[in-house]
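The same chain A turns up in both complexes below, where it pairs with chain B and then with chain C.
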Partner chain A sequence: MATATAGNTGRGVDTGAGQRPAILERIAASDRRHRTSFRVQFALVWIVLIGLLGVAMVATNNVQTDWIAEWGPYILGGTRETIFICVVSIVLATVLAIVGAIARLSRNPVINGVAALYVSLVRGTPLLVQIFFIYFALPQFGIVLPALAAGILALGFNYGAYMTEIFRAGIQAVPRGQREAAEALGMPERLVMRRIVLPQAFRIVIPAIGNDFVAMIKDSALVSTISVTELLWRASKAGTQDFRTLQALIIAATIYWLLTIVFSFFQERLERRMAEGDR
Partner chain B sequence: MIKHTRSTLALAGMLVLMSACSAGVPNLVCVGASTTYLDWLEGTLALSEADPIEAPANPGDPADLLAIVQERGKLIISTDADYAPQSYLNPDGTFEGFDIDVGKEIADRLGVDAEFSAQNWDTITAGSWAGRWDISVGSMTISEDRKPIVSFTQPYYYTPAQMAAATSADITTLDQMPDPLAATTLATDANCAEAIRDGRTDFVFWLSSSTTVKEAIDSGIPIVTVGEPVFGEALSVAIDKSGPPHGELLYEIDRIIGEMHDDGTLTQLSNTWFGIDLTQAPPAE
Partner chain C sequence: MSGPIIFEPAAADVPHLGEVIVEALGIEKYFGDLHVLRGIDLRVRRRQAVMLIGRSGSGKTTLLRCLNFLEEPTIGSVEIDGFRVEADPLRAGSPERRERIRQIRLRAGMLFQEFNLFPHMNVLANLTEAPVRVLGIGIDQAVATAERYLEQVGVLDKRDEFPARLSGGQKQRVAIARALCMEPKVLMFDEPTSALDPELVGEVLTVMEELAHAGTTMIVVTHEMHFAREAADTVVFMDEGRIIEAGPPEQVLANPQDDRTAVFLRRFLSAFPDRAGHPHGVD
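Showing the complex of A and B:
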């Protein structure tokens, strides 16, 4: 009931010559009341549930605020590494995805085959295995990467494969008429792709990149397994050595949660702006 | 109706079975990632002594790890930073502990700087370090299984392996323990202690080094030591065998450790960190 009214903005009611009859005023007022009440109840649910969660944790007698105060700053410092890893990885993934998408649309069987194998191989194996492979197995072929580089490469490589399919869909979503018009003007095929199709495709997929970035913030925790000193690594080491794993994980989880809330907020705004431009 | 009775019977049977199981103490012993304790529980532990180290035939080999380290001016030492009081993190991100101090002293006597590289314990013991770090000063037990993978120096100290039990189990001697024992593993030694504290009841025993058990008791984990230590481990500096030739570096570090034994440096560090001198070889049984 509340959801239905919350979404109803009262648009579409014909107000005629601008004279709003009293009944319409009352409907609008009731609407506002419903919306406010919905929001208040929504916020209350969050406050109560988070409060209960906090009380439950404190009740275990395992939460020590002095320990959290001592280690909080060090663990929080891992946010820098986590964000850095995600930003570099998403850039790498975007580049791989553009190349991959163009290759997947290619009529050349070799190029198309290589790209299809990349997507299939990466999407068909766990990210954790890929991280281990790049860190532990590549040295057998003479390629020794530092942990941070290995982690970034693995994340970029993995997300690049998933984003290849998104980008391919983005390129295909550009109306055929655009390409035909450019060709009719005598533009060579490559120029059509670079100047006409890709910029429009990019617009379409930008919200998806933002979405993947938020997902990557969480997946980046996996690189702690190769001792990259990011958020989870710091939390688990600090927690283990002092027999305080629970506190440490609570701190890490809270930071990850806040990070995703912040970036989701920007991502949603970006998505809305992109959608507006389409009208 | 018959169906109903049958399922009630089955339920009753299960309850009897469950209570029978919980009557005795489970025979599971929790161990961390250490293969040493796991092997001991499974009866396959082959402790061994360090092989004698010969003086390098042609000193000054530029391909030797020693030359590489000296050229770099820095000795990179791996450490697993969740093993207090041997190696642990400070809130400013630096490392501290007995192993860290020993590592710094070795680098110092080699005339180079020490740099520590945090690695997971199983990554270190697996070998194939790919040149990411030079040596492990990480309380590694000398065992037959590890000899094909890493070269060991002479031991720099010895820890007794100590059995511990949850206080609630009311077991304080080894002969009160169930026989045979079985192993269950968690990621780290500390996780075993935490699991007992946090009320897990699928195991009540924990096997770890006496130093780690003491650290856990000191931080308020409700456990007690069970009997005398079950075996002693000789702990050494290790160098990956899959890396560059390291005969000279091994010889040098072995010599330095001998020196640190003789001049009392190791005894002093052991007293500082463990409150007891663990640097003397236990009498042979």
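Showing the complex of A and C:
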């Protein structure tokens, strides 16, 4: 085909062994041009729209550099708490989800029932209510938790319930033959789960966990309601002091946004690495 | 229901065979209302290579899976190397029964159509996982054993690769090495070449043939008639959940006594001449 193409163009190039026909080079160059042009336009759209947003905020007197210089670092400091809360909560949620998923797949009606109730209850009630419940209601049973611990517990329990269903699906997505091969080697049930099924299920659910982590960065703002000094709490505090609420919220929102961009980037990279890993 | 045929070659016919390793008695299996196995009796002796042949749906694979309880028989019992387990269709299974099933599985290596290597472990880890964690063998010794079997099946150079990087034929040979690492009393193959590209079938069958000639006890569900003729001590023909005919390959394959066997062979060989004529379907 290659020689025929060269012949048809009339250039008479002999595409012998090892030499690519010129048309391939031109197709590749054209592809590159299209890709670059797409990227440039894409970036321009972002720059223009974000620029417009910035201009609008400056014009409405919502961006004042001296105020930002004074309060910006204080609000930014809340990032530490926000990330800390999210990391600890997602670890807690993952542990709960693994236990929950195994329980939901159990043939034991008591274990299965408890796990199903946990998932149903947590998914059926607002996260805000759960946060209040743990912070304000537990003390009535003699359990007094610091705000930070209560917030982490609430987020962990909440996400644990959603992730239970994700892990359950992940475990069920591991091909049956994997379990059978392990059982046929004489591996006891627990070992099959721990060494063969869970590691593969984990790979399957990693993208979903990453998603949930990004979602949690935003949901963690709710623990500001019980005075955990994270991002949003600091923003409201700084804002109300100088009647600069809107400006403070803009700063907080920007930080949340940047955080999610950064973590989404890492999540995508992780996903890609797992994909090329060993499938 | 026809009377059960217990198949056991007379000692005089096959003097090289040893004691009974596998004994299945009265195996019946229902899937819902579907009667898949209708009373199977089978004995397999040490060093015997048994090939199960028959149409798809005749119950060969189900029988094999009942032998190590990947499938729970509805009726019957299985004994492998002295461990006997009765069918327990109501799943009232005690921990003690589960342990006996595990003991059976430790003694019966299983090879699957889809290989079922563990994709998250490299080849060496696939081979050492069960010996180390189930048998409690030291890692150094497990690695040495693994390398010996990898060499035997000709894929030692792939010891550090992940399964995704192997061809189907290499995967199945690694799977065979993995089963051998447990030093089983019997190897059970469930259509080990059915998922392979035709040009990769030969390398797996060659390994299996070597194992058979070296005296490995094996039960093989297969459609490779040439292989059966070369490697089997005994060919068992199944139809509609029963053993119809069993005997040495030259008898069952070349001179079948039962009409159903003859019809199957005629149809099969006219549909897949490759599998009869040329070694391993290659050439």
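Going forward, the second predicted complex is superposed on the first by the 259 of 279 C-alpha atoms of A that agree within 3 Å, B and C clash if a C-alpha of one lies under 4 Å from a C-alpha of the other, contacts with A are read in each partner's own complex, and residues count from 1 in each chain.
Quick note on the criterion: a contact is a pair of C-beta atoms (placed from the backbone, for glycine too) under 8 Å apart; a residue touches a chain by one contact, two chains touch by 3 or more.
Predicted, not measured: the structure shown is a model, and the values here were computed from it.
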item: Three-chain arrangement built on chain A, chain B and chain C clash or fit; value: fit
item: Partner chain in contact with A:H34 - chain B first, chain C second, else both or neither; value: neither
item: Per-residue touch tally on chain A - higher for chain B or for chain C; value: B
item: Partner chain(s) touched by A:Q178 [first = chain B, second = chain C, both, neither]; value: second
item: Which superposed partner A:K218 touches (first chain B, second chain C, both, neither); value: neither
item: Which of chain B and chain C A:P188 touches, first, second, both or neither; value: second
item: Chain B versus chain C as contact partner of A:R203, first or second or both or neither; value: second
item: Overlay on chain A, chain C to chain B nearest C-alpha distance, Å; value: 49
item: Chain B/chain C common contact set on chain A; value: none
item: Of all residues in chain C, those that touch chain A in their complex; value: 68, 70, 102-103, 105-106, 108-110, 112, 114, 116-120, 129-130, 133-134, 162-164, 178-179, 182
item: For the chain B and chain A complex, residues of the former touching the latter; value: 81-84, 88-89, 91-93, 117-120, 123, 128, 130-132, 188, 190-191, 193-194, 197-198, 216, 219, 221
item: Touching residues on chain A, where the partner in the complex is chain C; value: 175, 177-178, 180-188, 191, 195-196, 199-200, 203, 277-279
item: Residues of chain A touching chain B in the complex; value: 60, 62, 70-71, 73-74, 77, 136, 139-140, 144, 146, 225-227, 229, 233-234, 236-238, 240-243, 245-246
